[in-house]
């Protein structure tokens, strides 16, 4: 017996399970398209061994350390770095034992599925992690990590990744992407254009960032026209390193389509730091529409994923900084928020705008009806907290009837956790095959049509939507 | 093999499926009560043949053309008329081929179920629509349409419709309903009172409309009392043509119960066109309560279905006008919004107020608790985008535990698509039987009780709630 | 045949049902921990017989009389007392017959499950209630109630209740709890601290209530410091009678963490009755954080259950007073609302804050992400209208993936209906076992792990979270 049940995530009814199993057989070995994620390009550039098991699985994964923290374990004990550089646990084995002895906390969670998949399929660990098995698992994984076939590029190839997108700031020099390209290695690692630092007036150092964007592009970013031109040039630079998309994570889905003179005035105020919160919000919204217009010129796909209340705990932010598992979803409106952008460019089928949500109530009510009519709009997959069997099932159940399958874009893993990538795509493929099998078993889809849809959801839609 | 699987939409578990199948057998041939819809009374008045297949299935059905449009097909190519009268496709066969070659877009949608049902059961087309089968299907349907047994009245009878309600503006002369009555045909086609044009201060030509209402009724609609009296007379006129309900589709569920002097002053401002948006909203809310009071006098059922953001795309509205698939649901509050009306008349069991929602989050949270206690309030069925297998299942799962079955009103098809009526009622009957079978299989309902409930949901509740 | 199907609420698939059945066998006879409820301590203090069947099952149970009322039956006919003391039905048998002849209204509701369970398991009534069986059931239950083994203490023991919490106002003298303690009876009935009357500036008689709190505790409650000290003393008094928790049911989840001087000023304004609605709301929010700080000192668990719009119908409130089934859930925000409290004390693992919701949309979006990271925060079970098979299933499906099982606290029955307590816990145990069986059958939990989780959900988590 191993950690993984062969028929996991398939329907329990035997006949429907058999349908799901046979569909899954046709897609399980398809290459992985990972068009939106946060792996570190430096891994593939330098191709150094990953550090110890705790550094691979615990310390950097906020899904993991937030669950342990929720039961009272201090972040320091898991080696999470402090903002002030103060001491935190550095003994990988000690962190690992703490993790292992609390592994029961992950029962019923997707983290458990991902971790078991990586332990078993990547590292050959086949006993359930616990206080008792902690050391053996640690040793086995540590042994593996020392071997060449567990270096980043080798794993990339073993995972069957056809293409992966990382995400870089508009101000990033893309040195690691350059190093990958110059290395001659054939793995396809592309960047994505993430301009928060230069489109959000409330971002730390906004005016300096915009000035730096000017230096990088040779444009006069003190003017609205120069600023837009700088974006165009920078997007073009990102495209040289394979970028096919831009990525925008604002607090709300607000878009604007202001007259250019008004937008220019708003930009001028933003540069002086005199923007009100409302004006900053309007400016971010305006920039989404500007980015969409640039997309019509240069073909980059526009990704919008709003709705996270960042850094919810003030003490944790003060002590540990950003991205410590305290980003909490909020209710998000899309109907009024997306209207300016959609009225401006949403009717153009050359444009692809992909919207994600953390508010599942918008699936059936707002997003499926919008994606089911606007040529430019597509729905991103179940995401972040909803990147899970139940979350993916709800996504299909609540969007398919109104948007169909062909206004969705396959799966994104959106992860920093490299070893979880095959597991996440496997979960998505299984859940989608379970959904399709249920449609077939209930007369809503022909048995002959289902394999094509399964292939589309597992591979083709992501590849085509992201132009990879 | 045909297009329709015999056990479609039943539970996949064999035992539960058998229960559902036997329940369904008891209701599948019951007459259709269609108490809320948008078929054209002219069809039944003139009884002319329907035009070509594209004019029947594609061009007028916004479910269909919005899905094709979402993939970049211009509305013109599907023959959707332009507001400026400019050219659009008129070749039915060409439109049909476009539709057929994109039929895969409807996989997993209720449109697919309805279309396949109509193709197969009404027109005997038994091959899946595709580019290859397009012409054969077109020819077969076109042949049928030329025959007398496919004229509107013949189909009405063949569909087993016991009663159908159309919906007409308060200013409509009901000529087609008069013509039906005078024809001697026995089909029961009734109207419903839809007074948007004369209760919404923001409706185009509101003051003129109100003046016209005065002319039609001989009342002085320049005064609040005269205006209310005109409504009473007009409702009475609609009742002569079988109306048993009024129908109200405001943007929100807001109701008001203002002192009469205040309502009269608001009406006076509305007539001058000087209302603010807030005042217009309050006036619409006040009129819902006034209509409820009239219902207590004349017995018409009051239907409220709020929550649609109409004509979301400005360019599409400009080019093609209203009702082009760009009406998008929004978050809707019911608890505070309905309180004035419910506090005024909600305790009176002689009144029936039926509320629909496009915001499913209100089912378990707001609407079931309200309908589960107020004598006058009933829940309309899953509606519009939610008129689908998953939508209907969610409706039952989220309302039954708190409101029971007997505060719901059976099924409404709410459709313009005449040939989809049997399909829609069939889907509703199957989904309800599947739900009841699951309750029986899980010990929540006795096997002996289920057939009575199935009959109630398929037939009795709609007939009684709508007094048909 | 009886009223209860042996495998009720288990999955319909045979294999999964067998898993659920065997899990359930391990928990069905565990003692009942009822840490949050509204039974009357006087029952256990005096141990008098319960009155007639109607007084036991109909008149005091708002789940029951609201459903009958929703179909037009006046509250008077069910014996619900009028605020003005006017006449209502007093003939128990007549009320019972009305109830019995409308028993079909409860089809598909949890009330039906609870009632059938109590009829069958407590009173040996094994025929479905109806007009025909009404008298026989009435007689049988009335006979039982006259016997000593149906007195409150005997039922308490027969039900296997290990501990039950009632809820008393901060101003209550706890005389019944004292009488229980002095009686020498060993049943564990504890109180809980409910301070609405003295923390809500909008509560009737707030200033007098605060003055009374001062008298009860010997503190000067005219000052902020004295007022806080009085709370501390009163909590301590409640702890003498077993209290392990405080209980807070505000309209919203708002919390505040104001500087003490500002809080004191707000309190002073509240005492004068000069608070605005906004200030009253802020004061209630501040008091939640103050209570949390006191919990850090004295160990009481803090329970927050916001989101009910109380007494929705004005006419019913006027005629019958509060708590007549007209409390309706509303949309509730938690992310911003809880932030001040959580930033202040949410990181302290010594504190337990249990949050309930009537807005299920918050489960996956807000509450699971919050409880899945803050050490102090736990999720209360599906509650009130959601204390039902579908409600409990949704709770597990929407919270487990992000919060896991160990940030939840088992089951609360939250009921006044004493005879429904075993039924409610039985439903919860069955639904949780069904959920766990499904996880096992789909490879998301090991068969060997499931019994431990089942035991945790049925018993241990409630006992530990509530420190009982």
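By letter and in written order, the chains are A, B and C; residue numbering begins at 1 in each of them.
Heads up, the rule we're going with is that a residue touches a chain if its C-beta (ideal position, glycine included) is under 8 Å from a C-beta of that chain, and two chains touch if they have at least 3 such contacts.
Model, not experiment: these values are computed from the prediction.
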{"item": "Fitting subunit A to subunit C on CA atoms, where both chains share a sequence, rotation angle to nearest 5 degrees", "value": "120"}
{"item": "Proportion of interface numbers common to subunit B and subunit C (over half same, under half different)", "value": "different"}
{"item": "CA centroid of subunit B to CA centroid of subunit C, Å", "value": "40"}
{"item": "Where subunit B touches two or more other chains, by residue", "value": "13, 361"}
{"item": "List of subunit B residues in touch with subunit A within their complex", "value": "4-10, 12-13, 66-67, 69-72, 104-110, 112-113, 128, 309, 312-316, 325-326, 328-331, 358-361, 385-386, 388-391"}
{"item": "Residue ranges of subunit A touching subunit B (in the complex, touch as defined)", "value": "11, 13, 15-16, 333, 335-336, 339, 342-343, 346-347, 349, 361, 364-366, 368-375, 377, 397-398, 400-407, 438-439, 441-446, 449, 453"}
